[in-house]
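One structure follows; several queries about it will come next.
Chains: A, B, C and D, in written order; residue numbering restarts at 1 for each.
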Amino acid sequence: MTQHNSAILLIHCHDQPGIVVAITDFIHSNGGNILYLDQHVDEQCSVFFMRIEWDLQGFAIQQDKIAEYFATLVATRYRMTTRLHFSNDIPRMALYVSKMSHCFYDLLARYESGELNVEIPVVVSNHEDLRLATERLGIDYHCININKDNKAEQEEKQLALLAQYDVSFIVLARYMQVLSDDFVRHYPQKIINIHHSFLPAFPGGRPYHSAHQRGVKIIGATSHYVTAELDAGPIIEQDVVHVSHKDSVDDMVRIGRDLEKIVLARAVRHHVHHDLLVCENRTVVFE
Amino acid sequence: MTQHNSAILLIHCHDQPGIVVAITDFIHSNGGNILYLDQHVDEQCSVFFMRIEWDLQGFAIQQDKIAEYFATLVATRYRMTTRLHFSNDIPRMALYVSKMSHCFYDLLARYESGELNVEIPVVVSNHEDLRLATERLGIDYHCININKDNKAEQEEKQLALLAQYDVSFIVLARYMQVLSDDFVRHYPQKIINIHHSFLPAFPGGRPYHSAHQRGVKIIGATSHYVTAELDAGPIIEQDVVHVSHKDSVDDMVRIGRDLEKIVLARAVRHHVHHDLLVCENRTVVFE
Amino acid sequence: MTQHNSAILLIHCHDQPGIVVAITDFIHSNGGNILYLDQHVDEQCSVFFMRIEWDLQGFAIQQDKIAEYFATLVATRYRMTTRLHFSNDIPRMALYVSKMSHCFYDLLARYESGELNVEIPVVVSNHEDLRLATERLGIDYHCININKDNKAEQEEKQLALLAQYDVSFIVLARYMQVLSDDFVRHYPQKIINIHHSFLPAFPGGRPYHSAHQRGVKIIGATSHYVTAELDAGPIIEQDVVHVSHKDSVDDMVRIGRDLEKIVLARAVRHHVHHDLLVCENRTVVFE
Amino acid sequence: MTQHNSAILLIHCHDQPGIVVAITDFIHSNGGNILYLDQHVDEQCSVFFMRIEWDLQGFAIQQDKIAEYFATLVATRYRMTTRLHFSNDIPRMALYVSKMSHCFYDLLARYESGELNVEIPVVVSNHEDLRLATERLGIDYHCININKDNKAEQEEKQLALLAQYDVSFIVLARYMQVLSDDFVRHYPQKIINIHHSFLPAFPGGRPYHSAHQRGVKIIGATSHYVTAELDAGPIIEQDVVHVSHKDSVDDMVRIGRDLEKIVLARAVRHHVHHDLLVCENRTVVFE
């Protein structure tokens, strides 16, 4: 990993000759040293995807002008959709929790040990249970009760809070409320959920019960971006573990916890590292 | 593994005190040496499952009387459902295929090398493609075309054929026809299918296409007993493999082939070894 | 799981006819209801292993007499080696750490959320780093510096401390000191270590560096009981994850952390649940 | 996959600014459409690796001049090591076997079904066992007995045979002879072996016995290029499967067979697709 500030550019567009040369030449001719380049062409729908990162030390274009220059000189010509990030910008994450604590503890331990390159200024919950464990790390904890009747107004409060803390993305760490479409629209591809099944199997509630009843031999966990349709957003990470007839629903819940926390943490890491592009409800994950 | 003939008894019944003692005492007091014992209690529905195997050398009850004696002395009292097998009885398997050959080749290679403890007297197909590869191993090949209009009568022919070859179970090695309910009823828990997804995700046709479209990060294969409801029978084995955005549908098909053949072979092995009990559409797999 | 107190008996002995009947009859005829029974015969060395658990409610023999009665009535006759535990006895665990915190945080989060059925009265370290995170949970923290010159006397201090806290087993959560043979002898099969490779590959120091240099495509973690020989004790759990040429040593360290904490937690769970028997440097893991 | 002929260029060199632009510009400015580009920089040793593939339809430089032009215009300037392949050139593979047949059958089934993009003109063995199964596919079978005394002269015969069949690479499908250094030197990075352990654990003979004795909870298989040092060549693919105390050595052998054949087939596929670069005894595997 580089110590310097670097630029990370995510691009997708219709595939066409000359794109790679145009992009790399933009960087090279302005004195940028390419640290990472990965590209992918989806041949079925002829879409070109790229993640490219370069060292900004000695780069001829100043940081706040790069987006404009790249748009003018390259992106517009090839009708590219782009996202530009800088490695020095630390994303600010809001952690949403309910009562279950395994993903919460896992993410906070990664945060506290410096493994996760984010700021976590705020934890939001609909219960009081995890206040102590949050506040002892110096993180603010806001308990906002949600029920059928007050959802709209409570989500308004949340949005105000997120704005106040300048939050750039949200992680639902087994948060047991369904977000409204309206709320989701404020954070497109910026809300990461962990669902405790290998989606699209067992969406919705009580997936371990359903898995047990169906008699599956594997259980899974899926992290995905939240969209308007429940558990149907673009999948970021999935993993599974083998179970057997010996495992009760309680065993599955226990075994699943370890899966959920690992799968969610991987997804958060990908998001924070700007490894993810979404196209037609599928993710491209650059590694 | 023992060289002698051994008895394999599969039992399930309502859980109640004294069962294990009653069973093991039946074997021990008649001079049987227990080679294998595994039991499982499903606490949710209070069902007791056992697989027990014992050496028949020196056993006081002659082989063809064991079922009767066990029923009289033990099973009736505890209302047990039982199945009795003998290790010297080699199951006779019919292999159903269409055009895809990977599971076919894999099972026949295991058969030819002696890995699979079965007889395969006959291959049934709705196409001619795999005749040569079957017949060169000295196995009969019957091509029975099936379409919407002739299904009932062609299945009659198949049933006659299976009777003629004294077939004890059927393996659908990517056989691309749906069996009728009537046909399935003739072979309850004796027809093994391989489905190319991690069921219950993506049942029915073209699961790799659906998996690709949904953007999953794992693909799977599931072997199960065939029941009246399509792809909904009791699951015997499942396994998965990770894929990425780089994998096209064709890549998934290719990667999936290796999964399918391994998962199907494991299921066939379990069936042949009498490792499987079915209860409420779930399998108990003794290993 | 039962709410009542239950007895857990672990047995191994030379395999011989009648053992299962003798054991189950002891329990059944004294009014015990068997909750769990698993047995295994190692055919290569003719050793019989069993884990059996029964409900003590209504059992005719009082708890503190069970060991004596079983020895007299069954174990002596069959020359069995036995261990008897009771589900109501909560094991007391000492957690040894150095500077790396991932296993430490993971175990403490499981402890705090009630997932781990142990008491953790004390954390022992050769560094001060994790004092705060320990003490805020109300657990005592003892920093005992160890170097070449003071090892013997510092280990004496540790032994006194462990006795004082009435510790029944020790978990080395990436504790970076090698324990002396003498120390290990005090806790036979009661010290669990996590090693960051798939042993027996890469024992000793810096296994990720060695793995990277060898160009392996998988990395692993191994939890094992500590014996006199370094990284050569009986293996309890192992797991691996795929890596690629893209992964640097630092990536392996990061990826490995998640493996280590999961593998160590599974081992601790097995130990606490009395699932483990050791025979000739191999573990039998009842699940 | 493209239907047209395409060029595949594998490159490695000291990392330096401008390489990507130089390479992509060479292709683009001569009318080549890039089908695939993957690059990797090993930051530890500052080596740049690339695999790039482009459509030759309409490419300005004729096929047999591409190597020369690229060397002159690009490779020499940046001191690149390069390998150039064409998708229309079908590699010719010699299959080496002894008595065990699982990898043999698996590769031939892939070959017969068209899954493997190679020609297999010849099978070489030190036993007669697999002659029939080879010859019925129309492949020549040569039995060349090897013992301590005749090794040098028999390997000479093999080299003559390989030349006669115009073989481009060799696959050792559980071939139970160690090749001499001299023989290996004739096929650098062109001999693929499958070893039945997760190397570097358990090199040499009888790895399943050693694995059982050590009490490991996973067994593995490793495919690698053969070098002078036994089982120490660059690793191409590895995979593992979980085992338990219940698995005897025979069980491990059986379970391992499925691993071995899958891992070997993946390695052969990577070799045939020119996905592999070797640098300092490690492989870069482009996927």
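The rule is short, and it goes like this: contacts are C-beta pairs under 8 Å (C-beta built on N, C-alpha and C of every residue); 3 or more make two chains touch, one makes a residue touch a chain.
All of these numbers come straight from a predicted model, not from anything done at the bench.
Asks: Note whether the interface between chain A and chain D is symmetric in residue numbering, meaning over half of all numbers used appear on both sides, and answer same or different.
Replies: Over half of the interface numbering overlaps between copies: same.
Asks: Quick one: point me to the chain whose Cα centre is farthest from that of chain C.
Replies: Chain centre farthest from chain C's centre: D.
Asks: Counting in whole Å, what is the centre-to-centre distance of chain C and chain D, each centre being its mean C-alpha position?
Replies: 42
Asks: When the C-alpha atoms of chain A and chain C are each averaged to a single point, how far apart are the two points in Å?
Replies: Distance between chain centres: 36 Å.
Asks: Which residues belonging to chain B are in contact with no fewer than two other chains?
Replies: 246
Asks: Please name which positions on chain B make contact with chain A in the complex.
Replies: That would be residues 40, 42-44, 49, 198-202, 213-218, 220, 234-240, 244-246, 248-249, 281-285 of chain B.
Asks: Okay, in this complex, where on chain D does chain A touch?
Replies: Residues 17-18, 20-21, 24-25, 28-29, 33-39, 41, 242.
Asks: Report the residues of chain B in contact with chain D in the complex, numbered from low to high.
Replies: These residues of chain B touch chain D: 1, 101-102, 105-106, 109, 112-113, 115, 133, 136, 246, 250, 254, 257-258, 262, 265, 287.
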